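Next come two complexes, and both contain subunit A; in the first it sits with subunit B, in the second with subunit C.
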Partner chain A sequence: MEERKIGVYVCNCGTNIAKMVDCDGVCEHAAQQPGVVLAKSYKYMCSNPGQEMIIEDIKEQGLDRVVVAACSPRMHEPTFRKALQTAGISPYFLEMANIREQCSWVHDGGEAATEKARALTLGAIRRVQYHQPLERRSVNMCPNVLVIGGGFVGMTAALELADGGSQVYLVERQRNLGGNVARVDLTAPYLDSARDMVTALITRTMEHPNIFVFLNSEVGSLEGYVGNFRAVVDTVWGDQATSNEYEVGNVVVATGYKEFDASRVTHYGYGKLPNVITSFEFEKMLRAGRVETKEGKTPNYAAIIHCVGSRNREFHTYCSRVCCMTALKYAHELKSAVPSCYVSDLYVDMHAFGKGHEDFYRRGSEAKTLFLMYAKGDHPVIRKAEPKDGCEMLIEVNEKLSREVIEIPADLVILMVGMEARDDSDAVARLVNISRDKDGWFIESHPKLDPVATTTDGIYIAGACAAPKDIPDSVAQARAAAARILARTIRGTIDIDAVFAEVDEDKCCGCRICNGLCPYSAIEFNEEKKRSNVISALCKACGACVAACPSSAITARHFTDEQIFAQIEGVLA
Partner chain B sequence: MATDKLQIALYWGAACGGCDVSVLDTNEFILDVAAAADIRMWPIAVDGKYSDVEAMEDGELDLAFYNGAVRNSENEHIAQLLRRKSKTVVAYGSCAYMGGIPGLANLTNRDKILDTAYVHNASIETGNRVVPQPETRVDGKVLEIPRFYRRVYRLDNVIDVDYYLPGCPPDAGQVKAVILAIVKGELPPKGSVVGASDVALCEDCPRTRGEKKISRFYRPWEILADPDKCLLEQGILCAGVATRSGCGVRCPKSGIPCRGCYGPLPGVVDQGAKLLSAVSSVIDSKDPDEVDRILEGLPDFTSIAYRYSVASSLLQRSYQQ
Partner chain C sequence: MAIRVNPKLIDDLEVYGAQDVSKCYHCGNCSATCPFSKEPFIFPRRPMRFLQMGLEKKLESSLEPWLCYYCGECSDECPRDAEPGETMMSLRRWLTSRYDFTGISRLFYRSGKIELLAVVGAAILTGLGFVLWGMSHGSISNYDGPNAFLPAGSIHIFDWALAGVLLVLLLTNCARMWWFTVGRDESISPSLGSYVRSLYLLPLHFITQKRYAKCERKRPWGIHLGLMLSYLTMLILIMFFLPLFQPGPSIDWRLHVFGYLATAGLLGATIYALRGRLKKTEAQYKHSHETDWLFLALLMFVTFTGILQHFLHRGGLGAAANVTYVVHLMGVVPMLGLEVPFSKWSHLAYRPLAMYFAQVKAEAEARVPEAVPEPVVVSSRVTGVM
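Our next item is the complex of A and B:
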């Protein structure tokens, strides 16, 4: 191998590294290594002067490889790669030694931390000599978008995309658009009509020239990769079934949620006591404009019970987020419909975190709703009342604030059923190749920094399919997903990272060990050639197939055996 | 000795003898070799002595085939001798190439081996439990036997090797082809593996292959294997995925899983680790207890995965004080 000219930069990270590691000592040690032409220690390598130092040294000293001993590459690899690029050499000629997270932060000083920093840095020095000047490639980005789910979120995303010029294929399983929001009367906390909002959305969606709406339809298959998917849409109308294939560049999954099945909770008598109903059944009453018991009587007493199926170990441990405000909305709507009705609200905690929600809670209190708090883990008990009681049911509750057992009358009980993942969320996840969490919700690429993207490039999730959400949050996500897609399609092409796995066809024997391993479905088997192949645009360079390939026919660029062995030998030297 | 004939020697180190037999397996071809060459030493078949080789000029031999691993001082002595006397040395067979079956002894140590062989063994009479020593004094004279090394070496641990011809034993057709290539001087660069393919056994295996998911391992006697389907997919640990082809797929064609004797693919550093990595990747469970249960079907995985390659693995021997 030709002699390299390596520059080594040891970052103090203020005192983050310097207080545990003798940075000058690491520099001196690095400077003695073959191939190293200079080694410098600096307070903040990621600062502008730090980057400038690297750029100048590359230009003036002719460095052809750079080692930065600093923080995790997750933090600043892009920063330093850019510096190399600015200086005119391949950004892949960089290697970082993580002497902060893996060293100074986890040790309590002494010579050992410095020794480890020296070893990590030497590993990087040995490794970087084998780095190759990789080139990023770009592939075509089809501007068409597939939106799965024709509810509030799907329609919002579709309209945003269509207004932006994308051709949108909107696929809805039901015979109508609208989803769960179409089953709701008013919305909390401003009491706008959900019906008006949904109707306006449906009209715009159906009339938009850039949106193809497929009702009674499902996505049969999705193949390909970001920018270049092929989606098959299966439609059934009566006894007629059709199937069509469309090219799309990105996909928005907006499949929403399903309501918790109240009959799974036995202690509220749902299904046995006729006047115990779910929130969605109450919405139906509100939309029909008639609030009454099964017997057709006007209720004198109504009770609302929170957290049905949510926030308990037996069913779902998570909070469904929308029920508290919906419950307050019901109290309000009950009072409007039947002003003489006494309304009780049995809650665990009142989650009023959103904009305008606390004010709404205050207005509910002022409207003489009786708020009764019960403990998490406990639950009210409902029984049928005697004729002498003058009501349909009696509810016994251990009231937490007064520490008293209170019995209240009720003619109508509304159970605030939570949200849960749809039964077929597993099938949808497999269809578009994304993951689900323990509760069945789709997992985002990063919960804070990358909420609507997924680990599969080109697949976005929006709304309650990713976790319970109210309408404003869901709409924000729908528009965020649309904006993300538009921002990428506007360029017409997409850059593919230069780091990916590739199969050497001359070495592959077609044993198919790798075929089922790829979490991103990037491996295909060519039956004709009897060879496996990695679709580089889908590959995330996780290395699962590389490690498994018994022929060493699969190589991960930038993580070759040569590079890894050199690094190990450097660390152990 | 001035002659146009090819000057050849064959030697048997720590080996079972199968490699020598495989030379004879070339049948009447060996007679052509004998006609075209002088076989100067071949303990199993020809009457040449060590002293005859010692008497040769350096480089007098054109070709030496060394089969077997290097287990003792005699093996090493002859290896050094042949290296000096021969222009070309070929590591013949899996033991010379990778340490082979004798290399499995590197999973234990010298004392335990000698103890099992000469002391604590049901077949040894009490009173006859004698561990042979390198030097024995009899009637005031010293008798020497070769020193038994602490570990097994590959041939190239002790001498510079020109070519490697794998196989346990090497396929007779490949042996013939390699000898012909040597005669004609058509050899690849020094250090090459000869008489073998550069692609894994599966390439030439007639069994059909699909995606692999293993939910249970079977020892070969535990199952009536489907004759047409990939053995590994049936839960029989076949090393073919991690092994060079070139043997003619002898074992899988006979319903026996490949044992890996042709060695790792080019670029693979550790054949057993590669096999382990591949097999563990296709175990059909993510539940640790279930995975443990599945792996229980593979007692002594190390000996199976490294059947021929312990001495050429990254670690080369187990850690023993």
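Our next item is the complex of A and C:
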């Protein structure tokens, strides 16, 4: 192997590293290694002067490999790669030794920490000699988008994308667009009509020249990778079934939620007491414009019970987020439908976090809604009333704010059922190759910094399929997903990281062990050649296939055997 | 046993002045800011909760509303404008109507018109009675002397008769108050000794209102005490010394000095309160119930006619003084006859009684043996460190 000219840069990170590690000592040790032309330590390598020092050294000393001993590569590898590129050499000629997170931060100092830093740096020096000048590739980005789910979110995303010029295939399983919002009467807290909003959206969606709406349809399969998916849409009309394939570059999953099944809760008598109904059954009443008991009587007393199926260990531990405001909306709508009706609202906590919510809560109390607080796990109990009680049911509740056990009359009880993941969310997750959390909700790439992307490139999630959400949040996500897709399609191509696994076809025996192992479904099997092949655009370079391959036919670029062995030898030297 | 709520109670209380209680969301700032809120009497939050929930019997048996003097701090601190101070005031009105077995009080508080009608009716009857009686034996031009239109001796007897009736009514109401708040509470059984020991609280709080002085704002206490002492002085003068200072025209300064002081006190406090209610200067004056206006109007009327008849008499205008006297009595009789047992004046009795009962109740509750605490079993393995 030809002689390398390696530059080693040891970062003090202020005192983050220097406090525990003798950085100058690490430098001296590195400088003595074969191939190392220079070794420097500096206060902040990631600062502009730090980067410029590296760039100048590369240019003046003709360095062809660089080791930066500093923080985690997750933090600043892109920074230093860019510096190498600026200096005119391949950005992949860089190796970082993590002497902060994996050394100074986790050790008590003394000689041992410095010794570890020396070893890590030496590992990097040995490894970097084998680095190859990898080339980034770019692939075509198909501008068409598949939107799964024709609810409020799906339509909003579709319209945004279609307005931006994309061809959108909107697939809805049911006969109509609108989803769950179409089942709602008014919306909280501004009491706008959900029906009006949904109707306007449906009209625009159906009329948009760039949107193809598939009703009674499902996505049968999705193959390919970001920018180059092939989606099969199965449609059933009566006894006629059709199946069509479409090219799409990105996918928005907007499959929404389903309401919690109230009959799973036994203590509220749902299914046994005729006038205990769910929130969606009450919406139906409101939409029909008739608030009455099953016997057709006007209720004198109505009670609303929160957190049915939500926020308890038995069913779902999470908060469904929309029920509190929906309950206040019911109190409002009950009072306007039946002004003489006394409305009690039995809650655990009143979550009024959104815009206008606190004012809405205040208006609810001004309208004399009787708010009663019960403790989590100490739920109210409903029983049928006697004729002398003058009401249909009696609700016994251990009321927290008064510390009294009380009994309230009720003719109508509304259970605020929470949201849960759809039964087939696992099938959808498998179809588009994304993950689900313990509750069945789809997992985002990063819960805070990347909330609509997923771990699979080109697959986006929006709305309540990712977690319970209200309409404003869901709409924001729909538009965010659309914006992300439009931003990526505008270039027409997409860069693919140069680091991925490769199959040597001559060595592959076609055993297909790697096919099932790949967590990103990035390996396809060529039936003709009887060989496996890695789709580089999908590969995340995790290395699972590399380790598993019995024929050693798979190599991970930038993580070759000789690179890793050199590093191990360096660390142990 | 679960207590049945009465969802309508909150509506009922609206006419008593509790219009904003539904806004309360129980942060507890009011109870925290109140200098009187101490275990076992925590307020205003707890009574407000009872009211929201319609726990009628709990409210009926609570002493808390009487322990509040309405300094208004709680209403100022309330983040929801739920007016805890005014709610306590409304509860006092409601409790007054509950203590009164005749139902008259309830009628008055629920309708200002009926109370006004009753006042006017009583005034007309009083006027008619005194005119007919005066003409039957005296001369309209004689204020005093043997031929006096309204001889002081006879008025004195009338005063005592009226006081007797009122006292019986008021005492009955007080007895009902005791029954609601202490008597029927089965969880406590106060000892006779405790009743005797705490008895001193009654006159103490009645005369000094020293509890009110604990409020951060001192001025309302001063005004309230001044009004009460003036009223009391006037009452003592009338009940015991009427025949001595009524006849003129000489002025007996040993007695009259008290009369003038009391008059000044009544006048000053009434004008202050009227001005406060009109301009809504302080928290306790922001909300005025119809009964508050009627009370102040009667007080003003009685004070003015009293002063006028005094001057007319001493000025030698016998006939005019007699007419003014009758008019004065037309104010006094309804004011005392209706306000003392049925309306605002009754709090003169209920408030000191509440302090007294509160002390008795607290002592009795302290005597209730606490549940035997569960023995703490400590595993020897855990304590093995010894």
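The criterion applied here is as follows: the second predicted complex is superposed on the first by the 573 of 573 C-alpha atoms of A that agree within 3 Å, B and C clash if a C-alpha of one lies under 4 Å from a C-alpha of the other, contacts with A are read in each partner's own complex, and residues count from 1 in each chain.
Definition applied: contacts are C-beta pairs under 8 Å (C-beta built on N, C-alpha and C of every residue); 3 or more make two chains touch, one makes a residue touch a chain.
Since this is a predicted model, take the numbers as computed values, not measurements.
A.B. asks: Quick one: on subunit A, after the overlay, do subunit B and subunit C clash, or do they fit? Just give me the call.
C.D. replies: On the superposed model, which is not a single observed complex, subunit B and subunit C fit side by side.
A.B. asks: Thinking of the overlay built on chain A, is A:330 touched by subunit B (first), by subunit C (second), by both, or by neither?
C.D. replies: Neither partner.
A.B. asks: Where does A:406 make contact in the superposed view: on subunit B (first), on subunit C (second), on both, or on neither?
C.D. replies: After superposition on chain A, A:406 lies in contact with subunit C alone.
A.B. asks: Pick one for A:360: touches subunit B only (first), subunit C only (second), both, or neither.
C.D. replies: In the superposition, A:360 contacts neither subunit B nor subunit C.
A.B. asks: Check whether A:547 is in contact with subunit B, with subunit C, with both or with neither, and answer first, second, both or neither.
C.D. replies: In the superposed model, A:547 contacts subunit B only, not subunit C.
A.B. asks: Could you read off the angle at the CA centre of subunit A, spanning the centres of subunit B and subunit C, to the nearest 10°?
C.D. replies: 140
A.B. asks: Of the partners subunit B and subunit C, which touch A:368 in the superposed model: first, second, both, neither?
C.D. replies: So A:368 only meets subunit C here.
A.B. asks: Scan A:80 for contacts with subunit B and subunit C and give back first, second, both or neither.
C.D. replies: So A:80 meets neither subunit B nor subunit C here.
A.B. asks: Just checking: does A:396 make contact with subunit B only, subunit C only, both, or neither of them? Give me first, second, both or neither.
C.D. replies: Once the two structures are laid over each other on A, A:396 reaches subunit C alone.
A.B. asks: Have a look at where A:460 lands relative to subunit B and subunit C in the superposition and call it first, second, both or neither.
C.D. replies: Neither partner.
A.B. asks: Looking at subunit B versus subunit C in the superposed three-chain picture, what is their shortest Cα distance in Å?
C.D. replies: 33
A.B. asks: Do any residues of subunit A touch both subunit B and subunit C, and if so, which are they?
C.D. replies: Subunit A residues touching both partners: none found.
A.B. asks: State the interface residues of subunit A toward subunit C in the complex, per the touch definition above.
C.D. replies: 301, 342, 344, 350, 361-362, 365-372, 396, 399, 401-402, 404-409
A.B. asks: Where on subunit C does subunit A make contact in their complex?
C.D. replies: Residue positions touching the partner: 1-5, 7-8, 10-11, 22-26, 46, 49-50, 52-55, 58, 80.
A.B. asks: With touch defined as at the start, can you tell me which subunit A residues reach subunit B in the complex?
C.D. replies: 506-517, 525, 530, 544, 547-553, 561, 565
A.B. asks: Can you list the residues on subunit B that touch subunit A in the complex?
C.D. replies: Of all residues in subunit B, those touching subunit A are 198-203, 209-213, 232, 240-242, 245, 265-269, 274-275, 277-278, 281-282.
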